[in-house]
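Right after this note come the structures.
In the two complexes below, chain A is the common chain; its partner is chain B in one and chain C in the other.
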Partner chain A sequence: MKAIVWKDTKKNIDMLLKKHQVKYAVDFAPSNAKIEKGYISTDGINFQFEVAIGSVSPFKDDADVLKKKTGLISVLTLEELRPVNRHISDFRFNGKKIAKLTGFMEGEIKELDLVPSATIEEKIDPEVRKVLADAKKMSFDMPLSIAVKIAAKRAEIGEKSYKKLIKLVQEDLVRKAIDPYEAVGIIAAQSIGEPGTQMTMRTFHFAGVREMNVTLGLPRLIEIVDARRIPSTPSMTIYLRKDLEKSEEVARRVVKEIENTTVLDVADVITDVNDLTVSIKLDKAKMEERLVEFSDVSFAVEKVRQVNITPDEKTRTIVLKPQQESFKKLYQVQEQVKVLTIKGLTGIKRAIARKESQDGPYVIYTQGSNLRMVMDIEEVDPYRITTNDIIEISNVLGIEAARNAIYNESERTLQEQGLEVDRRHLMLVADMMSFTGSVRAVGRTGISGRKSSVLARAAFEITTKHLLRAGLLGETDSLTGVAENIIVGQPITLGTGSVNLVYRGNRKSD
Partner chain B sequence: MARFNVLKHEMVPEHSLVSKKEEETLLRSLEISKELLPRINRNDPAIKALEEISGPIPDGSIIRIVRKSPTAGSSVYYRVLEEGVFK
Partner chain C sequence: MDFTKFEKARIVGSRALQISMGAPVIIDVPRSMSDPVEIAMLEFENGVIPITIKRAPANP
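For the complex of A and B:
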């Protein structure tokens, strides 16, 4: 959908807000395309108002509000301004994004893709559905994975065996289901802990993907369950859009776009102590390799304060002379210039495009993570991109995606070490960590530290703090857990201990 | 960030709203009270996307989540929408 977007002053917007329908004279000539909507921004980045545009006509004297006093070209009939919250990245101008809006522009809105994709339930094969229905008749729910297998073999084994098979599955499911009040958490802890001791303590914890290091093994596992805000080696796996994923050129371009490039990467910084200047001598070959243009560098250099900048495009040098004549200042400028970011995304130190197989698609691996910004890149497939930063996933994609990430990461870490842990234990850990809607660590600061029972918390870590707090606030303990019952010397509420039996005796009737 | 539907990301399972009518039968069949269900935050990106599709979702609504499960094929999970932090 085409729309006119523009930057306007608060004063003009206030005038537009006064009336239901306004004729607004502007210094902009829209094209002939059908335009229905307009978006107004005060800062050129965030758009606060949406407006329906009724008609566009050449400028006459009948306008209600004037954008400026001179140079007016056309009149837009605006109907009712409505507040919206849109960002500049929602718009495309001739298929391109721009960073900031200055005047009027005609752009296209990139609408949110709201059409729901087929749900798992809808995708189920009719044959499988029949199997599930048959199971339902026997009053149990069959797991989808089993139903798929049975449906595939149904014709082969014959109707009679099929009926028998369903019956067998039911019996098996009942027999293998976990018993009520079984201590699943303890079992999970043991099942992960025991193979964990086999992890070599410090060796083989890094796996090199060419020049990239990724934490693996025990340190990584600890990182996952501790729910660290930032992992020690954040890393992203970026997939390209399906239609572009085989192009080496596109992959290279994306790599260059996200990789953080500093001045030192493309130029030599020379300090002249005699003239008290710092000159940046750009290297043409390096610039081409990193897709940096002269204007990019001169724009970046403007961030340096209190210097006189003289750029010279012909010789590709930029000379900076500090306004204050001192060696100290000169040294400061030199150090600042060296690490100045020219382009790239914050946090992404390196990016490498790799082919997983011959004629396979290109996949980009990065050192450093910035999910939000990378998703914004046109060539990237935002629906497949992942990172190993679990907290970032929970912020950008939600708690359920974070749960999946916890499970996937821990499963992968264990598998890489050649350890076999039943998936259900890892799922339980992931579920517990995401129970409250945000990712919580396992331990004092997370799951154990938030238990409702005072005694259970005191039994774990920092005993005095919990007891003192409980005493001050007058907390009560209902003695429903395990630890607190051991402390007071009662049977624990697990297994048979969870059942309360009352023997009434044999009342004699007189 | 560009507007994109997080619900379509491959790591995000299906989220859908359980209607008020279904809620009661659901809680009865699970033999659980609402307070004991896992939570989901109001600011969760998946909730925001869901609100964009089906309008505002009141606090205390139950969200049905259908996950892809490596063991069972698919599994259903429920979360209660709650503002603020769970204690």
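For the complex of A and C:
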């Protein structure tokens, strides 16, 4: 589907938002193709608005036309502005991706082919499904893992024992179910906290794959729970598509494609103040390690403006001389050259392809994370790729994925320490952190600091500030939580405090 | 009705308080039994305590 995409100022978008249908004069001439949709971005990368385009006509100076500054060519009739969340990588421009949008462009939205996956029920083995149905008949839900085990043994143990077994499972499940109004949060906190004390003594170490470091142990657990914007060691695990995953050649190519290599990674940058030149001396060993060719570097250097470039392949040096003879310019060129990207994706500092077993598939581990761009690579399997940056997952894949990521990451961190915490405690934490629709930290900036009750917040931190604010704004407190009720001297709404007793007189009519 | 452990505790507790303050015991109790909590438990097990609970409606 063709669409017009453009970058616009906040002011203009606000103007467009106010009117429902508006004629918008722009300095862009769309092709004759049928265009129904437009996408507007403020930063050229993320698109915040989708707009239905009614018609496109040549520019005439009418009174009811909303104008951009100069060079107006055509008038778009915009019908309805809707907020969306799209990324520049969703669009193709003449079949190509671009990294950033500057003005108007005509692009094509990458169409997704939706393949309905089998429902959970369809995936279950029919024998197991029978066991589940039997449990359902006895009005309880059996966990799938137990049903699988029972189904496997059903023939061996005989029908009579089978019936008895189901009954036993039911009894056990009912007995172990948590009663309503149990203080599960406290139990979860203790159950995670206690193994946490054992972690402190054994960790603060890094376990690495060659020169790659990954934060583990308690520091990592704190990081997850604090919902840090960027983890201290972001890293990705990238799997290749099933048909390509054993090919060394493909793995190498993907590594080369994603690894962000700057000039400083493969060369020394020498500034000669006498001649006013910046020379790049390429290191052969480093180049081979990073799979960089001389031509890659010379191509990248062409991006530097207002300099004369003299590459010399024999001595592997590239000399840059600013056209303008000034120290200031020389310094600017030097700084620009140092951080010049030769190839790769932003954020990914290092990537290593490894085989897990002798003839197993290649798996790529990276230092640094860029989920959105890596998922977009042709050879990568987007369904199995993971990153340890939870906030990034929440931005790219949504809150449900982030919730699972919080759970998986904390589970894995504890597992690596040889600690066993029941998954339900971790699930509760993950749910509490994500149920509002965005990932919230556990501490003062998150769950505790944003409780709806004034008294609970006042009890937690900066009492006077919260009470004063509540007084000024006339906030109400519905006294539904624990801290509030303790403050006012009422039974708390948990455990036995949650029960309302009623006199049951006249037993005969019962 | 199945009571949760909290509901059971509240019912037995309230009944024991009544008994301890001299309320007539509803069922026959062995002479040796003098602890009000124990008596309340016996009454609860026989389902004779004239107290029940009012539950909040389930979340929609």
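Definition applied: the second predicted complex is superposed on the first by the 333 of 510 C-alpha atoms of A that agree within 3 Å, B and C clash if a C-alpha of one lies under 4 Å from a C-alpha of the other, contacts with A are read in each partner's own complex, and residues count from 1 in each chain.
One rule holds in what follows: a contact is a pair of C-beta atoms (placed from the backbone, for glycine too) under 8 Å apart; a residue touches a chain by one contact, two chains touch by 3 or more.
None of the values given here were measured: they were computed from a predicted structure.
For A:405, is the partner it touches chain B (first), chain C (second), both, or none of the two (neither)?
first
First (chain B), second (chain C), both or neither: which does A:297 touch?
Neither chain B nor chain C is touched by A:297.
Once chain A of both complexes is superposed, is A:504 in touch with chain B (first), chain C (second), both, or neither?
Only chain C; A:504 stays clear of chain B.
Let me test your reading of the model: by the given contact rule, A:251 touches which partner, first (chain B), second (chain C), both or neither?
neither
In the superposed model, does chain B or chain C contact more residues of chain A?
After superposition, B is the partner touching more of chain A.
Report for A:179: first if it touches chain B alone, second if chain C alone, otherwise both or neither.
After superposition on chain A, A:179 lies in contact with chain C alone.
After lining up the shared chain so the two structures overlap, which partner does A:72 touch, if you call chain B first and chain C second: first, second, both or neither?
It touches nothing on chain B or chain C.
With both complexes overlaid on chain A, does A:423 touch chain B (first), chain C (second), both or neither?
After superposition on chain A, A:423 lies in contact with chain B alone.
Can you tell me which positions in chain A touch chain B when the two form their complex?
Interface residues on chain A, with respect to chain B: 87, 89-90, 110-114, 116-117, 119-121, 143-148, 372-373, 375-376, 382-384, 386, 393, 395-401, 404-405, 423-424, 427, 431, 434-438, 450.
List the residues on chain B that touch chain A in their complex, please.
Chain B reaches chain A through residues 1-16, 38-41, 44-47, 52-53, 65-74, 79, 82, 85-87.
For chain A, which residues count as touching chain C in their complex?
Those in contact with chain C are residues 179-181, 495-496, 498-505, 507.
Under the definition above, what is the set of chain C residues touching chain A in their complex?
Residues of chain C touching chain A: 4-7, 9-11, 13-14, 48-56.
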